[in-house]
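Below are two complexes that have chain A in common, paired first with chain B and then with chain C.
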Partner chain A sequence: MSTLATPETSRPVGLARLSFANRQALSGYLLVLPALLLLLGLVAYPFFFAITISFTDRVVGEAGHWVGLKNFRYLFNQPSFIKTVTNTIVLVVVADIAKLCIGLGLAVLLNQAVPGRGLMRAVVLLPWAMPGFIAFLVWKLLFTPIGGGLNLILTDTGIYTGIIDWLGQKSTALPAVIIATVWRGFPFWAISFLAALQGVPQELYEAAKIDGATAWQRFRHITLPSIRPVILIVTLMSSIWTANSFENVWIMTQGGPSDATMVFPVLAYFGMQTQRLGEAAAVSVAMIPALLILVFFVTWLIKDDD
Partner chain B sequence: MESIESRTTLPATFERGWSRARRKPKLRKLGSLVGVYVIMLIVAAIVIFPIYWMFTISLKLPREIYRLPSLVPQAPTLDNYRELIEKKHFLVNIRNSLIVASSVTVVSLLVSSFAAYSIVRFRYRFRGLIGRVILLTYLTPSSLLFIPLSIIVARLHLGNSLFGLIVLYLTFSIPLSTWLLSGYFRSVPPDLEEQAMVDGTSQLGALFRILLPLSLPGLAAVGIFTFTGAWNELLFALIFITSEDKRTVPIGLQYLITGDVLLWGPIMAGAVLAALPVMVLYFLAQRFMVQGVTAGSVKG
Partner chain C sequence: MSDRSSRLTQSRLSRRQMLGGIAGGVAAGGLLPGILQAKSAPALIQSGGKLTFWGGLIFSDEANKMLTDTVNAWGKANGVQTDVVMINQNETNQKVSAAVESGTMPDALDMGLDLLLLLSASKQLTPVDDLYDKIGAAQGGWHESVDASLAPAKFGGSRNGIPFGAGGNVLFGRKDILDEAGITAMPKTWQELSDDAAKAQKPGVFGMGFALSNVGDGNLQVSVLQSYGGRIADDAGKKCMIKSAQTKTYMEWVKAAWDKKLFPPGATTWDGAGDNTAYLSGQAIFIANTGSVTIKAQEDDPDLAKSTIYSALPAGPVMQVSPIGPNVRAIPKSTKDVARAKALIEHLTQPDFLKEYYKVAIYGPVLKDQDDFEAFNTPVLGGLRDLVLHDTPPGAPDVYNTAYADFSANFVVPKMIQRMVVDGLSIDDAIDEAQKQGDAIYAKYA
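This part shows the complex of A and B:
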């Protein structure tokens, strides 16, 4: 197959005897080949390569030796790794719940026929249209003790007149990162839910109203079941991204203060800078099992959808 | 592509709802209407304030930022923009980002069109498997890959080059573009292409002369998504670009915040310059998406 340049030039000579179905198949393979080779070479291969590296004591410039589970044993005894695991769980769970509530609430709200709804939808899209790293730069600025907007608002309105170093103290750093992450992420949820809501037949609501169902009952028994698949897919995909997001933590805190906001990608990045690639790879590989479960459900749901 | 809530992962169904809003019976009680507006105002304030703050800080000098903080700039100035461009070589960053993002867009659209065309229109063994592999590569986060990729990139001598960055960005733009384009292609009835092929057009001719022109709104939307995704990427650029003259926009700004003193004025000026083109492009894309994906989602 590799000797044939394109289906067009080769067909008259070599493929004249091939049946239509075989020619079809060959063209199909050739067309998908560039994409497939690139993805196998630069996604699939590195993925498995990462797993093998994590079982070696590889450093930059040296292939290293097989050390079995040593890197993982080392990691699980590291306080910073334990902190990374708990931070990631807190970040994903809290951000997911916040985005679910805000997204669902806004979607229901924007699905009402109120004047000004179109403008509001455009406004809600803004954080999503903004480049992620810019959004987190701006939030880093907002959380700055002096010159940042948040403390200014608090003092101007008289809510709290002290100076809070939001990103500099352990107790507020992770909540601050979560707030910025939710701000950037909720529009996607709202939009997806709104689209799903508009696919729900209006007759269901009218019938329920005639039967005397309250607004909450209509939401609970019509809205929620109708958009359940969308909620599931959005939650799963968003969890994958949030658990692996680098730029929110990197730009705002770089994992600090003292690991209070450390997450997997940032820890792996620091590990790579120490040149000990085996240990750094083990950080990323340690989250593969959790990731696989999420990915399995996503692909299963998407297959179901088709 | 940026990982979180990447704009490019919009389900096709969204556009359907977005474009033609359904009328619901008007809210009866004035009270609940007031409640709706109060919530909307709060949400709008929370969304807009950070963006407003970005603009105002970019117009303020340090004296005004730190010593006399106020919600409205007292003496707006463009000095920050001047400093960013003259002293921080921001135009070089913008040029590099433009080169990378437009190359990724062109190559990605071409390769993904071929792949999507193959998956949608051709019948062969493993077609389903190949489609699945492409979806799986889309779900593989780049934070899992950067350590092995650093070894592979060094082996291929692609480190510290814009070309290397372009190749790496293709790994996340191609799966997404292929996935989205497959949706558009499926919505185009195959009859026209079949007719053209009966008339003697080659399969590639049918793709370029019939299928792609018919999918133009979709191509535009996917193209803009790919462009903004490459424009925004931070992690790979941070790892693989080491010399100053090859820094892209995210890296240029990133280095401004790792210094000892945070020059918020120039940083926010850079943020405005980096965000504006993307946000404008993005709203243009919305229009295309509405036309394009409405057709694309018919397959339901």
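This part shows the complex of A and C:
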């Protein structure tokens, strides 16, 4: 056969044997490889490691044994578990809605040509720039029942002269933590939205104005759709950060009173007090499904936009 | 467009897909449990020739500085490069967990009894029986209570730590306010205390400055419960027994005090400094404290320091429970040069150093020769010495074991009180819930 007659040495060797398309694909994969390795090493490995140890009785310094769902059964039977789930959801949802409203409102305001805009943009960032520890300590002091700033204001203005134990009673503890969390987190939303707003072509607004669109209609039909992907991403990121936030609750209430502010990270921290890594990991793993649903939902929305 | 380029276009990620992917990646990263974050905490790598020591921070800058300087001076004198890191004692557990997992434990460190118990159970510590015996023999012997607290049977058959100070609580009272109310002596029982508190209390000043929150101070209530005859577990330390008539009596006492508003607002969410702050700001008449309040009052408010009187913790209807908790220095198994670590720990037990250190610290004596130190002539530190001499062993009348430590670390008793006073649960329901939680905890160690 003629093919057999072709000398071996004349065949392309190594990479040269690949078609142009395959060579290009290969180089693409090679370029992506470092990022992939980084993702695998820093994200995937610890992630799956945490899931694995949640099924073991591992304590600090010991390998542990497979115990199946024992840690999860222990967790689900804890009186604080249901409250932890509820509190985490309420904290994330309410804080996100508040941060969205405040952040969007401020971003729209700071996007206008108003005097002192540069200074205002810098000032808005202050809560975000402040170390969380300090920020939540300040809020704790503000909510202190005796001598706390909030009660002093209420007393001095004559609005209420009694003592409100903001962090010590069930009805106000979680709202107080949410307020502090929103205060600390809204600048990220505002600045992200502001950056997105600056990318919206002015021509769209001008055309809409000419067509007689009101300010609300311009906001509803131009601004919101234009920055929708950023809103989704910021919502996703902030939800994850809030669900994983520890210092806000720990500094202000340690999860109390009576678990009124107990959230997953604080519950995991209590697990760590006795060095039982398996139990602590189970707490963290228990909230993965909820966060995964959120992640898939938002990425689906983003994909849907495409 | 060719087939190939069409395929390439189809497989290319859009900007939004990329954003979604990154967000997903961040999400996965965000899900990592705190324990793994802790694992990547700043590590203190033990390099050759360097000795790392983690000291426990206390509310006395002078004492902290003295300890640091002494370790460094010892290093200089012995040609050892020392690295002293003072650790907030509320975080020692987490830092140690991270260090054990990442293999970056220091050469020696300070810790409380709970952590000693946990690390001994997982065999993370080097036995120091020889050093323990040597120091004891040289300084009049260890106090019986301290010696019993560290009995090898509880810690895997060996002495795994060298005690350097006995912690415990003394009752502080505002003499000026008590005098105004015609109360001339410190209360002998918890019932007397709440009665005195109710009598002396006035607007803005609350009688009972005791934490009911999820912090170590909140576990003072375990001792009060025990003094009422309540028990955490059975005599074998295997089964939770918190549900009892005695616990109910104790809870009735707490409820009565709460209803009379004897606890300051915020006591259910205080942090570790809550009672200190309440007392130092004049909002509390009685508190239980180790002595840090005295140090602060002497510095910032000498009048308050002068008008403070001290006594042992009151008794309940059944007994007086006032446990001591020896603080120890231990050597991790991972330490490369055990001899050097032992030499440092031995140096830190030298009377010349401790005579001065105890004056500014918040500890009672652990060795019999230390009883005569000038430091223990003061009311608070003298009170701590009395505790050591007539103490209740840690956990007693319950068995101090890992289940008990777990029970304490989960603040079951303070939470039982919170359920009652915050959620409005009946006493019986609150106790039932605590029993259920206690059952689950003790079952883990059965």
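We take it that the second predicted complex is superposed on the first by the 238 of 306 C-alpha atoms of A that agree within 3 Å, B and C clash if a C-alpha of one lies under 4 Å from a C-alpha of the other, contacts with A are read in each partner's own complex, and residues count from 1 in each chain.
The definition used in the following text is that a contact is a pair of C-beta atoms (placed from the backbone, for glycine too) under 8 Å apart; a residue touches a chain by one contact, two chains touch by 3 or more.
Keep in mind it's a predicted model, so treat the numbers as computed, not measured.
After overlaying the two complexes on the shared chain, residue contacts for A:Ile288 are found with chain B and with chain C alike.
When both complexes are overlaid on chain A, the residue A:Gln78 reaches chain C alone and has no touch with chain B.
Of the two partner chains placed around the shared chain by superposition, chain B is the only one that A:Arg117 touches, whereas chain C remains out of contact. In the superposition on chain A, contact is made by A:Ile302 with both chain B and chain C. Note on chain A: of its two partners chain C and chain B, the one contacting more of its residues is B.
In the overlay built on the shared chain, the residue A:Ile163 is in contact with chain C alone; chain B does not reach it. Of the two partner chains placed by superposition, chain B and chain C are both touched by A:Asn244.
By the document's definition of touching, of the two partners only chain C reaches A:Gly256; chain B does not. Once the two complexes are laid over each other on the shared chain, residue contacts for A:Gln275 go to chain C alone; chain B is not touched.
When both complexes are aligned on chain A by C-alpha atoms, chain A residues 21, 24, 39, 42-44, 46-47, 49-50, 144, 146-147, 233, 237, 240-241, 243-244, 246, 251, 265, 268-269, 272, 277, 280-281, 284-285, 287-288, 291, 295, 298-299, 302 touch chain B in the first and chain C in the second. Note for the complex: chain A touches chain C at residues 21, 24, 39, 42-44, 46-47, 49-50, 59-62, 74, 77-80, 144-147, 163, 165, 167-170, 173, 229, 233, 236-237, 240-241, 243-244, 246, 251-260, 265, 268-270, 272-277, 280-281, 283-285, 287-288, 291-292, 294-295, 298-299, 302-303, 305-306.
Interface of chain C with chain A (complex): residues 4, 8, 14, 16-17, 19-21, 23-36, 38, 93-94, 96-97, 100-101, 118-119, 121-124, 204, 213-215, 264-269, 271, 281, 283, 402, 405-406, 409-411, 415, 418-419, 422-423, 433, 436-437, 440, 444. Residues of chain A touching chain B in their complex: 6-8, 21, 24-25, 27-29, 31-32, 34-36, 38-40, 42-47, 49-50, 53, 105-106, 109, 111-114, 116-118, 120-121, 123-135, 137-142, 144, 146-147, 149, 152, 156, 181, 183-185, 187-189, 191-192, 194-199, 202, 230, 233, 237-238, 240-248, 250-251, 264-265, 268-269, 272, 277, 280-281, 284-285, 287-288, 291, 295, 298-299, 302. Touching chain A in their complex are the following residues of chain B: 2-7, 9-11, 13-18, 21-27, 33, 36-37, 39-40, 43-44, 46-51, 53-54, 57, 65-66, 69-71, 111-112, 114-115, 117-119, 122-125, 127, 130, 132-137, 139-152, 167-168, 170-171, 174-175, 178, 202-204, 228, 231-232, 234-235, 238-239, 250, 253-254, 257, 262, 264, 267-268, 271, 274-275, 278-279, 282-283, 286.
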